[in-house]
Amino acid sequence: MRSRGVSIMSLMTGDQFLTSLKELDHRVFIQGEKIPNVAEHPISKPPAMAMAETYCQAEQEDQKPLFTATSHLTGDTINRFTHIQHSVEDLVKKILMLRKMGRETACCFQRCASLDCINAVYTITHELDQAHATAYHGRFVDFLKYIQSNDLVPAACMTDTKGDRSLSPSQQTDKDQYLHIVEENKGGILVRGAKLHITGAVNSHELIVVPTRALSAEDKDYAVAFAIPADTRGVTFIYGRQPSDTRRLEQRQTDVGNLFYGGCEAMVVFDDVIVPDERIFMKGEYPVAGRLVELFAANHRASYGGCKVGVGDVLIGATAAIADVQGTASASHVKDKIAEMIHLNETLHAGALASAGRGYRTASGAYAVDPLLANVCKLNVTRFPFEISRLAQDIAGGLLVTMPSIEDRDNPQVGAYIRKYLTGNSDAGSEKRMRLLRLIENITLGTGAVSYLTESIHGAGSPQAQKIMITRLAQLESAKSYAFKLCGIH
Amino acid sequence: MRSRGVSIMSLMTGDQFLTSLKELDHRVFIQGEKIPNVAEHPISKPPAMAMAETYCQAEQEDQKPLFTATSHLTGDTINRFTHIQHSVEDLVKKILMLRKMGRETACCFQRCASLDCINAVYTITHELDQAHATAYHGRFVDFLKYIQSNDLVPAACMTDTKGDRSLSPSQQTDKDQYLHIVEENKGGILVRGAKLHITGAVNSHELIVVPTRALSAEDKDYAVAFAIPADTRGVTFIYGRQPSDTRRLEQRQTDVGNLFYGGCEAMVVFDDVIVPDERIFMKGEYPVAGRLVELFAANHRASYGGCKVGVGDVLIGATAAIADVQGTASASHVKDKIAEMIHLNETLHAGALASAGRGYRTASGAYAVDPLLANVCKLNVTRFPFEISRLAQDIAGGLLVTMPSIEDRDNPQVGAYIRKYLTGNSDAGSEKRMRLLRLIENITLGTGAVSYLTESIHGAGSPQAQKIMITRLAQLESAKSYAFKLCGIH
Amino acid sequence: MRSRGVSIMSLMTGDQFLTSLKELDHRVFIQGEKIPNVAEHPISKPPAMAMAETYCQAEQEDQKPLFTATSHLTGDTINRFTHIQHSVEDLVKKILMLRKMGRETACCFQRCASLDCINAVYTITHELDQAHATAYHGRFVDFLKYIQSNDLVPAACMTDTKGDRSLSPSQQTDKDQYLHIVEENKGGILVRGAKLHITGAVNSHELIVVPTRALSAEDKDYAVAFAIPADTRGVTFIYGRQPSDTRRLEQRQTDVGNLFYGGCEAMVVFDDVIVPDERIFMKGEYPVAGRLVELFAANHRASYGGCKVGVGDVLIGATAAIADVQGTASASHVKDKIAEMIHLNETLHAGALASAGRGYRTASGAYAVDPLLANVCKLNVTRFPFEISRLAQDIAGGLLVTMPSIEDRDNPQVGAYIRKYLTGNSDAGSEKRMRLLRLIENITLGTGAVSYLTESIHGAGSPQAQKIMITRLAQLESAKSYAFKLCGIH
Amino acid sequence: MRSRGVSIMSLMTGDQFLTSLKELDHRVFIQGEKIPNVAEHPISKPPAMAMAETYCQAEQEDQKPLFTATSHLTGDTINRFTHIQHSVEDLVKKILMLRKMGRETACCFQRCASLDCINAVYTITHELDQAHATAYHGRFVDFLKYIQSNDLVPAACMTDTKGDRSLSPSQQTDKDQYLHIVEENKGGILVRGAKLHITGAVNSHELIVVPTRALSAEDKDYAVAFAIPADTRGVTFIYGRQPSDTRRLEQRQTDVGNLFYGGCEAMVVFDDVIVPDERIFMKGEYPVAGRLVELFAANHRASYGGCKVGVGDVLIGATAAIADVQGTASASHVKDKIAEMIHLNETLHAGALASAGRGYRTASGAYAVDPLLANVCKLNVTRFPFEISRLAQDIAGGLLVTMPSIEDRDNPQVGAYIRKYLTGNSDAGSEKRMRLLRLIENITLGTGAVSYLTESIHGAGSPQAQKIMITRLAQLESAKSYAFKLCGIH
């Protein structure tokens, strides 16, 4: 495989990352147009900046304990987003790092899916080799060293398009509704399919592809995992739309709410893409697909108790600040609602921290979170951000959705009216108020809501997936036995 | 007062209404630009169309029982949106009419605030005259006949800008933070101030202005109610932004979600506006301001159990349809969630129907809803639409926020991919799926969410206002006495 | 059939009712002992008193508009608990009457199941006769006249024991797990089976038996409805236990909480009971069984938005009073919680009122509630009382479950301590506080909780039954069509 | 101080504990009667057995890692319930131990309050000595060694009777409404007052008394902490009543639900009790009272995410088992509800584990939990058990509150009916079903509900106390600064 056009280093800077994006020659389409550089297009720039922030934070001295780690492969200092966790402390630090990123960006910064994916594939390839005397783990370690040494982002590509959901992959009329091996050649395979909702795909150097569900023998061709450069021939990225996305196209962009950052998802099409042997990490070992999914999912479900909590912090902060500006901060119902917002937000965090704290060592040496608690964490994430948003909107007041453009403040005909009448009791005038409201709008109704609300439901698996896992992982028979003992049933 | 440029008739058609808008010479600013015709500007056209639908429905034979009524003033058949309710049946029909409108438009159609306002002012002016031998009621009846006969929309302008909320109107540093009488002249008064969040203001022929809160003697100048034509000199409308509003500016507009309708709010500035005596309905009678607010609020809070329920119907329908298209309709958790959505939606409706069913006759002859039940209805409206939206997004799946533009289906480079991979198990192909998802996006994250979510919190008064009224209206002392009796306390 | 030993009258007094119970010669077992008179046994006396209260209220002049009605059969003034509703006003008055009873007794007063049942059987027998030229309706009218004229209670016996729930009645190993016709004789039938959870059974003069579910052709023998006197040979009542039931056996009974009233349920066994032809209202017409259940259920589900709301009033009153006594009434969080309790309680009421307000005329002339809204009402009843109870306990404080017996106040050794230290800031001393707490304990954790909590879940059908009906009754296809129109799907 | 009549040993057995109770000569009153031995009176025996279980578990080899620890004072192996936690692992193990105890007993086993209290007092006395050169810590260490070496239970006595809650201790009319120093003598002090809700007080060897709130200079006499033997002259225990408590007095006790265990609270009166100097741990240092309360509260609030979760396990187990017995276990709504119960239960646990995992070292060397997360944990505990109970009752069915006594199964007249008709589809017959239902009744409506529901609200501080702490401990200013940065406010 050809290496990225970045010089070998263990820690990239934010600027270097943006440069590296420019050098990627991938096919990205935004609303029908192929764009030359994701970091420069106004729609896709904020997501690139959010990803870049994962590099910037690691540059800052006081954040290094959180954002860097020591590679167990090379002993080098690496960005924690490329690290295989080897202790409970590692698991906890990941959660704290994600919360910090959420606070800094108030959006999906897109780099945790790959982190959670490489940790799962690392473990699974080790188990595969133990069971089947295959050589996947070594290949993956090589790939991982490359990622760590160059501080790259490998997007995790999991969710297939699924076609008719009542049918298994091999039963579909259109076989491509799940990504699969089309043919095997000497030295590699040819794959076809499409992966949906790929977070940060367009900001990634590599793509790691894994199956999206448990598979049976008939689905053998769908049991495939591999990694390829993002600009491999045959790969196309179709960028997803978001609410209010085109505010970024407005001249002054003052109404975007979140001035710097955003998340992004893309549909990634693999149209007869060639994968060389050295980048294949699973090929036909269908029985292990389900476990790979669960391992990845558990790690990733815990992550949501980090990043979304950080976004929650920003929303709580903005809400407390708007109450200050509007003169309602001392009302008892406002104080009660803010306390409730904090409570819900910290309950999400507690789930992630607990799943990390009760983490365990896998055979590969990598640590994984407690899966029951990780699923519990995520199931709360599918609920509480909606209530936190509702409370934020309650405190923000109706102006949140009825106020003019911030730019109108400078308009010769109506600006004076807006400045006079939207001042509230703020010394800072109407601008502070309007900016805070736009930020709350962004997180609860705009581009930020994609990540904070909808993605909180579906990212890392939909609620029902968590419910199923929770029942499976709970020790119901043991619970019954306690009950039997106490009421005298033998 | 000059009359509108429409011919005298009791029922306007939708087209006539749109024409009448064109003939209005009011100052409307959208993102800093004065626009010539709200019904033609792409941003404000859908709201005009929603308002027009209140006329169109009344044209339809099968809807006439719901959308028309017999004026108690003239005996003419009038649009029910201009009717003073004179029976419980009237109160119930209003709720049913609003639900029907919600179903037809899936947005705020903006005409119920004026309906609820005229019913309140009708009652209050009658009481004022009884108490103070004033002549307000006769004036208001004249105004009302004009509205009914010409089938006009008089926007209800209530919420002031409030400045520092810890201070009363007269205590504000800037006295204009509540609209007030600046000077009295022979034949009229001069008023100044601004009203926020005025629903449908730009689609209205007249403006009815009323106080926003209970007032004390010091606030006498703020106790003012009146009506003026929307294009009166000194009145300026500054149009509010909404999430995804500018999708309407896109060439093909396929991504707007709701193809036809929308709601709108504006900030309405009254910059030294002259009001002639015959249009003044309250001038200085401060003790009655609180009761006017409560009466209007009760009527309007009940309305939310009509219109939002209709929007809920559309969201539930879209969600059930997307489950069909995506092949999940028979999953037990999906069925359970849809049942829950219906349950919550109907609970909202029950509150409105109950408050209407327990309505009472005021001294003026007009009927008013039961205020306790109306407040209970509205407090549920501040909560359930968020949960209904969350469930809708749960069933819709992540594609809701990651899918490309619908237009991309026709793109030569990526269209084939989208058509192939987003088909689901639908015979109808990807288009049906994408259209439904865009509609769900509109209602839960786009322009529709303004009305369905945020306005559900704040419209007709914020939750805390309802909580206060609920406690005040409940018979707590009576409840205590039942308790005392049962536990033997004398 | 032999008539009851009460003189013919249209309205019985409470005392006459208690006397009539004494004259019943039915087999009632409480904790293994056959008891001679339910109205005198300390365990079953409060339930008898609660039932008697349905008679006492009808004696009171100011309650007559609510508690009496004019029989459409005889034109006589009858107790509304025996009335066939013939208007929306009747439906509403029933709800208001039940709320009043809930306030008076704070428990299940047991007479609404029979009311709702006779209304359903009245309608169904009419329909049966229309369809099958049978003579059931006339028989039932005769029975009803007897009930109305003598002001009797006919307990509604519906829920069968069900055996293995995955099997239909006729598939059960033990055929008696659903009550059925064992043999038909000249002049009557012989039935066998048992009915569970029969509210007020032991305080009833008659038993009306109806099927518990929809039935198919194989289950023909289970499609049987009839009425018999409560002391018919072969009928046995086994009284159900309740939390804290034996506090009524304590000498001074001061800790019972609710000093006068209680609810009761019994298992009613029919061991080869003979039913004469003139009392049979259905015999083998299995297709109508499902509709009978639904009609009864809808009426009864609406009832819960009356009686439980009345109990809620008492709990709210007791909670507000304990806040007074303990000096916390002015704390903002306490006020907020009481407002929330009222809000939830009134939401339940709104459901019932709405279902009554939207009631409709059946072919028989009897009115039935709107079934969708009735199911919505009941589904909320399965939830909100738990939250209301939680809030009541929150405000009540821990003393609710840690305080000594009220009797200990008079104890020579510890009484002085209790009186001194449990006074709170009450002038009334510790007694008022303790009595209120015992009442709250009764409703949320004692005999009253049976009715207020558990019965709120299961009475009139469990939550899942409501969910199924809600989906079935909602117009989902119509909702889809509104959505299709708005997003351009044809 | 006189030592307990138990031989010196590091680990007492359960039997030895029960013997030690017998040897206590304390004044305990149950319903007005002074009882000779709490472990033998049928009402108080189950609570004694629950406490004894904390000893029994420590005897079991496989539980020793959880139930024992190494004293940092003596190096001896001690019962973990007497241990000062010195690591995050200690904090976590405490939570796991409490969950295990909850599973074993399904009630409040009463020994964690003292554990959490000694950890707080240990820290505070250290800080007091550092600040004021007092000698409290040494005294407390001596006391602690005595407790650890003899494996004793020192009940934590905190909550005062409070009188008029709007007044501070020194402002009360009756000064004794908060426990206080009446006079100081050479060698000791005389104290008076009463402590409410003292969990396990009657099963304790010693009483540790601490203030219940923050205090000011005027309240100096109320700033007192000390320990005395439970049978000190002047101390009286008045036992609290519980729902269904007297079922334990029934001959066969088959209806108690939880056959072996229960919790108990008592009001503890201190009527001029002498405390010797060597047992005084605070005397007048009022500024530290608030911190002592917060430290104790944080530890104890986290504990609730252990013990209540264990009780939740039993309730979930009983519910899953009753679904098996009644043939509903495979219904999708039942599976969904059980998953929800588990989810809520584990969310509580996650809060406790997270607060332990983020624990910190105090100056004394003792570790304390993260207070924000501990408060978050507890606030969820005030809510979720009610929902878990509601779901349990939903699945249990109405029979939960309508079934006869289990003893009636053996009754010659009705036993056959019960056995026949309550069998369900269980091979085990009706007994298993009835026993499980009685256990669910116990936990949700009986003696167990005291601990699982009401105590979950108020134990370790009521919900409002948690809300206040949550806001105080959250970093709102920091959250605002993140928001400001993102929306461009400088």
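The first chain written gets the first letter, and so on, giving A, B, C and D; residue counts start at 1 in each chain.
Just so it is clear, contacts are C-beta pairs under 8 Å (C-beta built on N, C-alpha and C of every residue); 3 or more make two chains touch, one makes a residue touch a chain.
Every value quoted in this text rests on a predicted model; they were computed, and no experiment measured them.
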Pair with more cross-chain C-beta pairs in contact, given A-C and B-C: B-C
Far-end chain from chain C, centres as C-alpha averages: A
Cα-centroid distance, chain A relative to chain C, in whole angstrom: 52
Where chain B and chain C are represented by their mean Cα positions, the distance between them in whole Å: 41
Two or more partner chains touched - positions in chain C: 333, 336, 467
Residues of chain D that touch chain A when the two form their complex: 92, 103-106, 257-261, 313-318, 320-321, 335-336, 338-340, 342-343, 346-347, 349-351, 353-358, 372-373, 376-377, 379-380, 428, 432, 435-436, 438-439, 466-468, 470-471, 474, 476, 478-484, 486-489
Residues on chain B engaged by chain D in the complex (per definition of touch): 332-333, 336
Complex interface listing, chain B residues touching chain A: 29, 31-32, 34, 159, 161-166, 174, 176-177, 194, 196-197, 236, 238-244, 246-247, 250, 255, 265-267, 269, 271, 326-328, 331, 333, 382-383, 386-387, 389-390, 393-394, 397-405, 407-408, 411, 413-414, 417-418, 420-425, 441, 445-446, 449-450, 453-455, 457-459, 462-464, 467
